[in-house]
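Take a look at the structures listed below.
In the two complexes below, chain A is the common chain; its partner is chain B in one and chain C in the other.
Take a look at the complex of A and B:
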């Protein structure tokens, strides 16, 4: 296990370096030189500009510039929003928390619903219920997130005024966005956990456990659910990139102040320091989630840590 | 012995090649999506004749009109006919799908075959680069490209292509690794066939099935991303009538005129659904074991 963890951390370290490189290249490729990018419409005087160039090391070779950039990012010195002059680190921190809450909510929702649906599907194997659940889960693969979000708004916020259509506030502001984002993964979770349940139920040791008189409930909890959870964690891990894409869209639909909306708004308003900070945090989030998923996976499935 | 083995494989392939299309078309989950796609292409080609109006023709006096005989699906905020815009919207759609596939399949396959067939250091380097690219989700690649190069059809295509090439490269590499160990390849080598000959005449035809399945899924992925980026205002720019862009423009009028949003969304949903159904069925028929990357 320890060897696996060390190996996995080393991979993450490489990824972290790749992320720093990725955002550094982004910063260099954006239209305009770094100082113009940093200051937006309020350009500094030539003297200030020269001082800044020295301070940021822009007169030095590109490799040195990269290391100065890395040290700035690591110290949390990410510059200021060109429009609001708020420190980017503070903006990104708030936005990150909002997105974290939203995605955590939606993943929990999708996992719970998916487990329930797949359980129903397996319990009513090959009946109309099973076929219906399978059909709907395949259908959700093709559902555009933004469209689904607007349908929910139309029904629950416009026609019936049960829930707010957007913004941030209490828990009621989270329901529709989470339901929207949950749809990104619900179909795949249902399908995979259904397959996992059927696979486990057909295995010899489960058949034996039943034959020995273990109750259905015990079999479900001790053997089936545990294995199904492995499958669900895998799906969530593999599809985190898709989830992130869904979050960007969902946040825009519901005007929810998360990372995705921050990045999109930053592109549209050419607020480059915010854009770079946002991309940095988003890539970092992907890296950390991948790490956590692999760890959970290793905990749940001993084969991984031995083989890895 | 070896020669006969190769002969059998060819004979089987030839006979299957003759029979598959006829059997396939009898399955509704293949025939219906194919018919739908053909219809889509026809609509795009004949848009000038079918559409009641030009996509950019607006009558401000008739803006935000409900459906009527004159405007079957109503009009948008600039008084443009929604039905006509939906019809013309098939054009950027097909443009995006065909460009994405035309670039990412050859490049991905080339990379995958080279890495898988020749192996060694080359394989190691290619695999690491592909892995590194896959660390960044499509959305981040797309936002990166759009931030640097600006919004627009070409840049959306570029972003999707960058995300899809590793997909094809990985799949091809995995398929080639299995295929090149088979007896008939050994036989071909023993008979003195050169590497390019083996790749072109034996390996590529054998792995075409799974690649076709992935191409179907990649087409649906491409539609989804184009729509999503256009919906965010970062994709196709006005006045080109992309379905995603129509939804972007409908955002401000959604509360009072929800149908401006519903119709293009439905069009995207149905199209992606058809492609996914086709892909699933083809996968079941051609290769049930492979795992594909999809949105």
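Take a look at the complex of A and C:
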């Protein structure tokens, strides 16, 4: 297990370097730069532009810039936003925490509901309940996320004023956006775990368990659910990772200051340090989630432990 | 076989059922609102009460602070926040009939020593938020730094040769040449006074921490949380009338529909940059909606160095139906331009409209030998109200008179780099310009003088240059007006633009809110807002 983690650590380091390099180059390939954005319709004189380029380190060759950036980053200096001068570490830290809370909330909600629904669906296999659940789960992830967002805002914030229409604040600000994100993930989790349960149900050991005379509930809990956990953890882990990178549309609809919006805004305003810092944090998060998922596999399935 | 298809069919049915259920739910949820015809969200609209101080006033603009340095800022959302923190030497006020007046604000009095020297005296007893008194040294340092770090201060203070402090409260501004609109320039938020020590700490670059956001204004800067909120708090030692709002929170909400929903839900009390269709809806629901022509004109710049024949440029103007653009695309939230500057600006002189005459346009193009020629057009997407849609409509109009228009739309950063760049491989470009000083000089000189930095058309008419130079030096108001009138006539005929429209400005607020001042230069002043 330890060797496995060490190996993972080193491949992760390489991946990080690649991500940094890639983001760095892609950002510079975009036409325009932070200074043109800063001044808009009223571009600065060449002298001011030169002074700003010097201050931001944009006057050096791009290769040099990259190595300066990496060496600073290794020392814990992530630079600051070109436009608002806020340190990137603080900016990305805040945005990441916001996103983490939102993600955790919505995934928990989606996973709990998804598991419940899929269990019901399988337990009532091919009955009206099953069909309805299947239909609903297709429906929830087929409808676009902004649709859910606007509908929830209209009903709960505008019509009834029970919850705020967006923004960041107490727990009440989290309910609508996490419900919105949960809707999309709920369907997917339900479908995947339902399919996995049915597959396991067909297997010989389950048939044997039933033949032994175990009750339906016992069969489900002891033999079916345990064996479907790997598939369920996979889909939850994947969705968790995706969400940690930010949910741009949900964040925009709810004016929620998360990672997605921060990164997209950084792209649009050519705020290179924020963009790279944001990408770094997002990829770090995805890697950690993947690592955790892998470790959970090992816990759930003895075969992975041996193979590791 | 049919078994395999079943899940799909069921899925479709279920999706339909969900949509129907949601619609039904919405319908039911909407019911409680219909029987009660209360005007909007007013909880107790019936009880008239005394105007009340406001503990926390929340306002949502479309964008967050784009910079923390007031002298660098170029966009209205940022300057509006800073307009509550910093103050200018003069203040723009509108008389009841809408005429702009520039009143002494931080200065108490001023006199012209001669044509190019003005002596000012500051009010005494004004303090910055850090407790230090405002002195003439702060003015000197502010005006020295501004033109170095910021484009707007550079334009506004361009005619200033030097600023000298005489004593603690007295200073003299010496001009390079007689410059009539100088007082208007000293009322623009980009010439607001910052402390000398901050100016000297960052002489040639933007400030690097919000700790340096220190002004003399009615509100102190408390906190900036990116994409979340910017908080200002009443400055208890403010020299002017005591603000009626204790805490101002600026909550950026980019999405138009969410911004409107936040107002409807009562999360915020004021929203700005309201799109026209939502303005109608909010008005119907009883919200106070302020709509007025702004000072921002939208135009298609024509690269005069590539499209040299004035007949062609006139033809382009005749080929576009601007009325249709305003009524259909902007849903009426604008006015067709009748001069290169908006009507609210001093010196405005209406010209004979080009009108929509595609036949004449076609004839002119043929005369000039331009029939069927190709034009390269670029436009931003998401910068101005419906910019992309407008550009597409213009492309269609120009195709209709036989031109072949290649249109590329880009996001703002890429667009600015292109349109302001050295490579000029385009003939038409969409841009906007707000004459925020309300004086023709800012709207005409900066854009149409052959040596002006923002003349991206490369337009050059020696006669226009001469008139614009004479007008900015002319002290006599009537003569100045005449000179600007002549300049506008020439510009209108030379047609370096396709003259489009002046955007409307739309702000919506809680119907119980009073004394929120909205100015056509895209300024909103909340300092003395009260609640009924």
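By definition in this document, the second predicted complex is superposed on the first by the 226 of 308 C-alpha atoms of A that agree within 3 Å, B and C clash if a C-alpha of one lies under 4 Å from a C-alpha of the other, contacts with A are read in each partner's own complex, and residues count from 1 in each chain.
Here is the rule we go by: contacts are C-beta pairs under 8 Å (C-beta built on N, C-alpha and C of every residue); 3 or more make two chains touch, one makes a residue touch a chain.
As the structure is a prediction and not an experimental result, all values here were calculated from the model.
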| item | value |
| --- | --- |
| A:264 touches, of chain B and chain C: first, second, both or neither? | first |
| First, second, both or neither for A:15, with chain B first and chain C second | first |
| Contacts of A:141 with chain B and chain C, given as first, second, both or neither | first |
| When both partners are placed on the shared chain, which of chain B and chain C touches more of chain A | C |
| Partner chain in contact with A:30 - chain B first, chain C second, else both or neither | both |
| Chain B versus chain C as contact partner of A:282, first or second or both or neither | first |
| Contacts of A:241 with chain B and chain C, given as first, second, both or neither | first |
| First (chain B), second (chain C), both or neither touched by A:154 | both |
| Contacts of A:252 with chain B and chain C, given as first, second, both or neither | both |
| Partner chain(s) touched by A:51 [first = chain B, second = chain C, both, neither] | second |
| Overlap of chain C and chain B interfaces on chain A (superposed complexes) | 30-31, 138-139, 142-143, 150-151, 153-154, 158, 252, 268 |
| Residues of chain B defined as touching chain A within the complex | 132, 135-140, 143-144, 146-148, 220, 224, 227-228, 231-234, 247, 254-255, 258, 261-262, 265-266, 268-269, 272-273, 275-277, 280, 294-295 |
| In the complex, chain A residues that touch chain B | 15, 18-19, 22, 26, 29-31, 138-139, 141-147, 150-151, 153-154, 158, 240-242, 244-245, 248-249, 252, 260, 263-264, 267-268, 272, 275, 279, 282-283, 286-287, 290 |
| Chain A residues within the chain C interface of the complex | 30-33, 36-45, 48, 51-52, 55, 80-81, 83-86, 91, 94-95, 131-132, 134-136, 138-140, 142-143, 150-151, 153-155, 157-161, 164-168, 252-255, 257, 261-262, 265, 268-270 |
| Contact set on chain C toward chain A in their complex | 7, 10-11, 13-15, 17-19, 22, 25-26, 29-30, 32-33, 60, 65-68, 72, 74-75, 148-149, 151-152, 154-155, 204-210, 224-229, 251-255, 257-259, 261-262, 264-267, 410-418, 420, 431-433, 453-454 |
